[in-house]
Amino acid sequence: MRNDGRQTNQLRPVTITTGVNKYAEGSVLIEVGDTKVLCTASVEERVPPFMKGQGKGWITAEYAMLPRATHSRNIREAAKGKLTGRTMEIQRLIGRALRSVVNLQALGERTITLDCDVIQADGGTRTTSITGAFIALTLAIQKISEKTQFAKFPITDFLASVSVGVIVEKAMLDLNYDEDSKAKVDMNVVMTGNGKFVEVQGTGEDAPFSREELNQLLALGEEGITELIGKQRDVLGPIANRIGV
Amino acid sequence: MRNDGRQTNQLRPVTITTGVNKYAEGSVLIEVGDTKVLCTASVEERVPPFMKGQGKGWITAEYAMLPRATHSRNIREAAKGKLTGRTMEIQRLIGRALRSVVNLQALGERTITLDCDVIQADGGTRTTSITGAFIALTLAIQKISEKTQFAKFPITDFLASVSVGVIVEKAMLDLNYDEDSKAKVDMNVVMTGNGKFVEVQGTGEDAPFSREELNQLLALGEEGITELIGKQRDVLGPIANRIGV
Amino acid sequence: MRNDGRQTNQLRPVTITTGVNKYAEGSVLIEVGDTKVLCTASVEERVPPFMKGQGKGWITAEYAMLPRATHSRNIREAAKGKLTGRTMEIQRLIGRALRSVVNLQALGERTITLDCDVIQADGGTRTTSITGAFIALTLAIQKISEKTQFAKFPITDFLASVSVGVIVEKAMLDLNYDEDSKAKVDMNVVMTGNGKFVEVQGTGEDAPFSREELNQLLALGEEGITELIGKQRDVLGPIANRIGV
Amino acid sequence: MRNDGRQTNQLRPVTITTGVNKYAEGSVLIEVGDTKVLCTASVEERVPPFMKGQGKGWITAEYAMLPRATHSRNIREAAKGKLTGRTMEIQRLIGRALRSVVNLQALGERTITLDCDVIQADGGTRTTSITGAFIALTLAIQKISEKTQFAKFPITDFLASVSVGVIVEKAMLDLNYDEDSKAKVDMNVVMTGNGKFVEVQGTGEDAPFSREELNQLLALGEEGITELIGKQRDVLGPIANRIGV
Amino acid sequence: MRNDGRQTNQLRPVTITTGVNKYAEGSVLIEVGDTKVLCTASVEERVPPFMKGQGKGWITAEYAMLPRATHSRNIREAAKGKLTGRTMEIQRLIGRALRSVVNLQALGERTITLDCDVIQADGGTRTTSITGAFIALTLAIQKISEKTQFAKFPITDFLASVSVGVIVEKAMLDLNYDEDSKAKVDMNVVMTGNGKFVEVQGTGEDAPFSREELNQLLALGEEGITELIGKQRDVLGPIANRIGV
Amino acid sequence: MRNDGRQTNQLRPVTITTGVNKYAEGSVLIEVGDTKVLCTASVEERVPPFMKGQGKGWITAEYAMLPRATHSRNIREAAKGKLTGRTMEIQRLIGRALRSVVNLQALGERTITLDCDVIQADGGTRTTSITGAFIALTLAIQKISEKTQFAKFPITDFLASVSVGVIVEKAMLDLNYDEDSKAKVDMNVVMTGNGKFVEVQGTGEDAPFSREELNQLLALGEEGITELIGKQRDVLGPIANRIGV
């Protein structure tokens, strides 16, 4: 039995609220248990210098935690004057994952920046950010499509992410903070709607893991992601039908 | 008539929700019209080096805007690697204002940090931060008092803040963003529950203002702050009775 | 009686020396008691990016203290690698105040930077900077006008600034450092030649202040600024007659 | 056929030279094809603040590339004034991976810093760094053991790393730079001497990958790492026998 | 004939004014032609960490130019967020030169910081800084000696500095800015009262120089420094007699 | 007798290996005793902004030490976020010295950056960097000349550098680290093939030095540099004949 009564293959309650910001082209508040992330998608009609003149768009992401998103207060990165390695690693992951399901050619020369700000953290903030940012991104692209006709809707597939881990020899889905601190193996999985992997990041700092454990974790991850994509589909409603078509 | 139909001496709708963060000792989401600020109070049982050994506490504040709190996306200060002058000015103001109603001796050797994160901005973010942070601070001190007996409750008076300004020769209360951009004179007023000023900051960059205009603005500010303190009183309920006693 | 024998409404001795720098388009050493500020105005025939193509000029200011301008030596901001919040606040104030009396349209597409370097500090460095920088600015504009015919002299009015404060229930003009440290209320006032306010910044961190105290302070400030503008007029000589015409 | 004539499951030539630095407690120059990394291990008899008083040691890593390690010159991170996200991600990975095979309790209160400086880069610099740093680390610990008797040799197992990837539907081992740029899927695998995974990081930015592809890549990685550990064993000679005993 | 009518071996007019800052333990305004440097000496009763517990003192220097010390305005190093290489080189030189004539043992565990702020620059700012800082330092040590009895006066010899250079095949003393820009060889010489060299820094970026030219430059430098030390002696009056005794 | 058995006028063994980097246009590993510096020359077909449109090229240098190049590990400048004064001073020296033997007009609008990375340090790293960088630079220019016909080979003369110093009243050539720490006078000399000085930097922080000592040091330096240029000539082979022609 888990500390919050869940089954090993059970996600925490998921709530996704759209339209939470009156300025952003796409916005979502995603809550997975006590983890709450505000995701906004901002569209700019230009691309970064290294992408210029290719006729392609760009997707990038930024991630931050409010200082009191956690048990004890963290010093702001703006006050420190630099991003931590952890933040950089996470925002590179979110951007890379989202780009894997966007047809940048179809998007055209524009940049969409996904800001994932963690309001409250209880484990899984990077995976929750990906799951939420995918919706904010889709909403923003839908909004562009209302003004500009795309030859092809630029989102090629669904995308969601979840954490899995091994706690006392038992593989578990969607770790909360307490579980995460006790996990011997910790893995983040990002998958598409057609069941393929975009990112698999497994770490056994406290104890190396076997091929068998890896397989169990991937299976749990797949199960959780399927469920999350179902929820994304519900939230997006008719827009969901434009994806990958 | 104002662009949102208000009277010149009318505040925008104010909503204050407490307990919005499960970790912070005090937390508030304050909404004034479309301006939304999340204020958390974090208690640490130590003081900064320059305060050590004086038997007194310290109150400090930090302020930030989420990148898409505004019409167009702002670059994060953490990405720039430094705080802007505007941010520093605002967080110094919030801290100074709050300290004016705290008996630091009574608080004892602990630091309370007020984090004011602007989720959405539509004018008046610094004044709204002060009004909200006062409640988060009071809740945090109440929480300390449940474990530690204070000889005297360390909050000496209520404190709230509002913006006022002159638009086309007319003094107005609580400017929204559109009004703020058009104002010739812009003033932020911070007052206590007993009707005294803690901060008066008036700027006439576009047009200097007369003593008479100043008087009108101060009168409007006083009116608005009285109303805001009424709302703070309602939200705090019985805790309100401990203030200044 | 004040610690230096002055009346409550008496300024410290003021000395203004022009032409103290052989390169700057305008330069002034202003001494108010033991506070000494070197103000230089530098003209550049271009405007910052955000002002480009509007046919208007720009006025900006920078402020710094030499490390041993004060009782004990301060670490240089260049060595720390960043400006303090106090410095940013002050330089924003100086720039804003000066812009209020410049017709940027008449100035044309050029930037004037006012550098206010505090050689020795004994209270009132920001207000003294404004009073001195106004003269350096006027001299620089006069110098431009000797080569370029302005349709209208771009300075629209005089501008000076002074500090006022309440010490043991008594309002006083032009606080020196010792007075400033004891003041319960501290206010900086910036006014124009026609008696209007450009900035009013009053802070009662140690004790909130009443409307009546505010009125006394503003009256004292007005008195001091009138006297300072008289001195500016003397120093500028015939150039004074071009202002606001 | 690969661009350098290798089989899909063939490593590039590997050369490991020890004792290349006269000051470092352990040092290695590792060459995998044209990728050359200098790894030094530096021992300090203290631990970072967050580890103090636990009686345990700490292993950390830093990674950098010389400016002309690559086709075109890179700007030094020291000149930019900050580490890139890529560098931070890599040095966090190296440190984490090495710690997984060190008994920090047995090591005692000392820190070993592994510096991995890429002299020349031709793909696989992070995996090569891990494989080389493991030897430098082991040599440094051996050196400590010559002066200080360990109850137990603190290295618990061998550790090596290799990259694998999918190029035009074909899984391949140990990608060089050209292959890496063309790979649709890119994976870094870190394994121990007993065949368990410490890190699995697979990315399909350009094309999501199936479970089957993942399995092929893991099999190739395992094969390569087994061979690399054989080479580590040869280089370490009798010291190899102390590992994991 | 030189551009200002001087002989090749003639210094510009030198004026040294002491006591120009009411807080600093020693202060000097030194003017060499149109070059003006404000030098203050600040005493602290502690030494930097690397000097602790040795019973010895420390002398250090900082150098800066006001933004408009030069023909066109320079960006402040504080605004850039870092010191330039030139500034670091100069302040290292000043500190090193001064330490060569201080008996750090006799000084005891205290630090004296020499701040050299260039008010106006017309060539030779680093050499003028050294010549002026030596006096500020001596005055500060004299001031300490009035409260604390030194077993031995810690200044062991006089110290001054001057620039020399080759312009169109002619060696010249004390270059002004125009001369400096045209010089093929540029040399800074620092010497003691007993005619020995502390620093010789000669640079022939535009044209390498011969042994003979070097000898001429050193002879000129010696001549100029002898004259400067005469002026230092005059300014110091009776304090001069304590030096090197 | 010196600590390594050398005569006072004897260089340490010198080894120069070219072509050590497969990407750089010129590369050299230079070893002088236990000091080892990797020098690469990188060519870019553009010049820095301040050189634009003059039809001339630019030569610049960067210098760094690997963290464990020294007895105890140094913190990376990239981790500190800034270059030390020592590094800036050295890289300015290397660039300046090299430019003195390059005809920038003949080079044309391109930049060559010399990276000098100290792999192992045992005294004389800056002088060794200059001697090695000269060869890397010449090789790079030779490489350019294979594609682009120069009207005149842009290297005008040979250039090498060595350190000299006074240890216990004895002048010595090419100090190693132990000698350098004991030297009372420390001098770096840079000379050209025709026996002229490019840089002479002598420092007597611990004891001022006489004209006679200076002469002895310069003579020793000249002797050492003549020998180093002989070695450069050997390494360059036929390319040597293009220099200064």
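Note that the chains are named A, B, C, D, E and F in the order they appear, and that numbering of residues resets to 1 at the start of each chain.
Assume a contact is a pair of C-beta atoms (placed from the backbone, for glycine too) under 8 Å apart; a residue touches a chain by one contact, two chains touch by 3 or more.
On a predicted model such as this, the values are computed, not experimentally measured, just so you know.
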**Report entry** Other chains in touch with both chain D and chain F
**Finding:** none
Query raised in the report: Between chain A and chain D, what is the separation of their C-alpha centroids in Å?
Result: 29
Query raised in the report: Could you state the distance in Å from the CA-based centre of chain D to that of chain E?
Result: 52
Report summary line: Going by residue number, chain F touches two or more other chains at 81-83
Report task. Could you read off the chains around the ring in order, chain E leading and chain F following? Result -> E, F, D, A, B, C
Query raised in the report: Residues of chain E touching chain C in their complex?
Result: 21-24, 27, 34, 38, 40, 42, 44, 62, 64, 66-73, 76-83, 87, 113, 115, 117, 119-120
Report task. Would you mind writing out the residues of chain F in touch with chain E in their complex? Result -> 82-86, 88-89, 91-92, 96, 99-100, 157, 191-192, 194-211, 214, 218
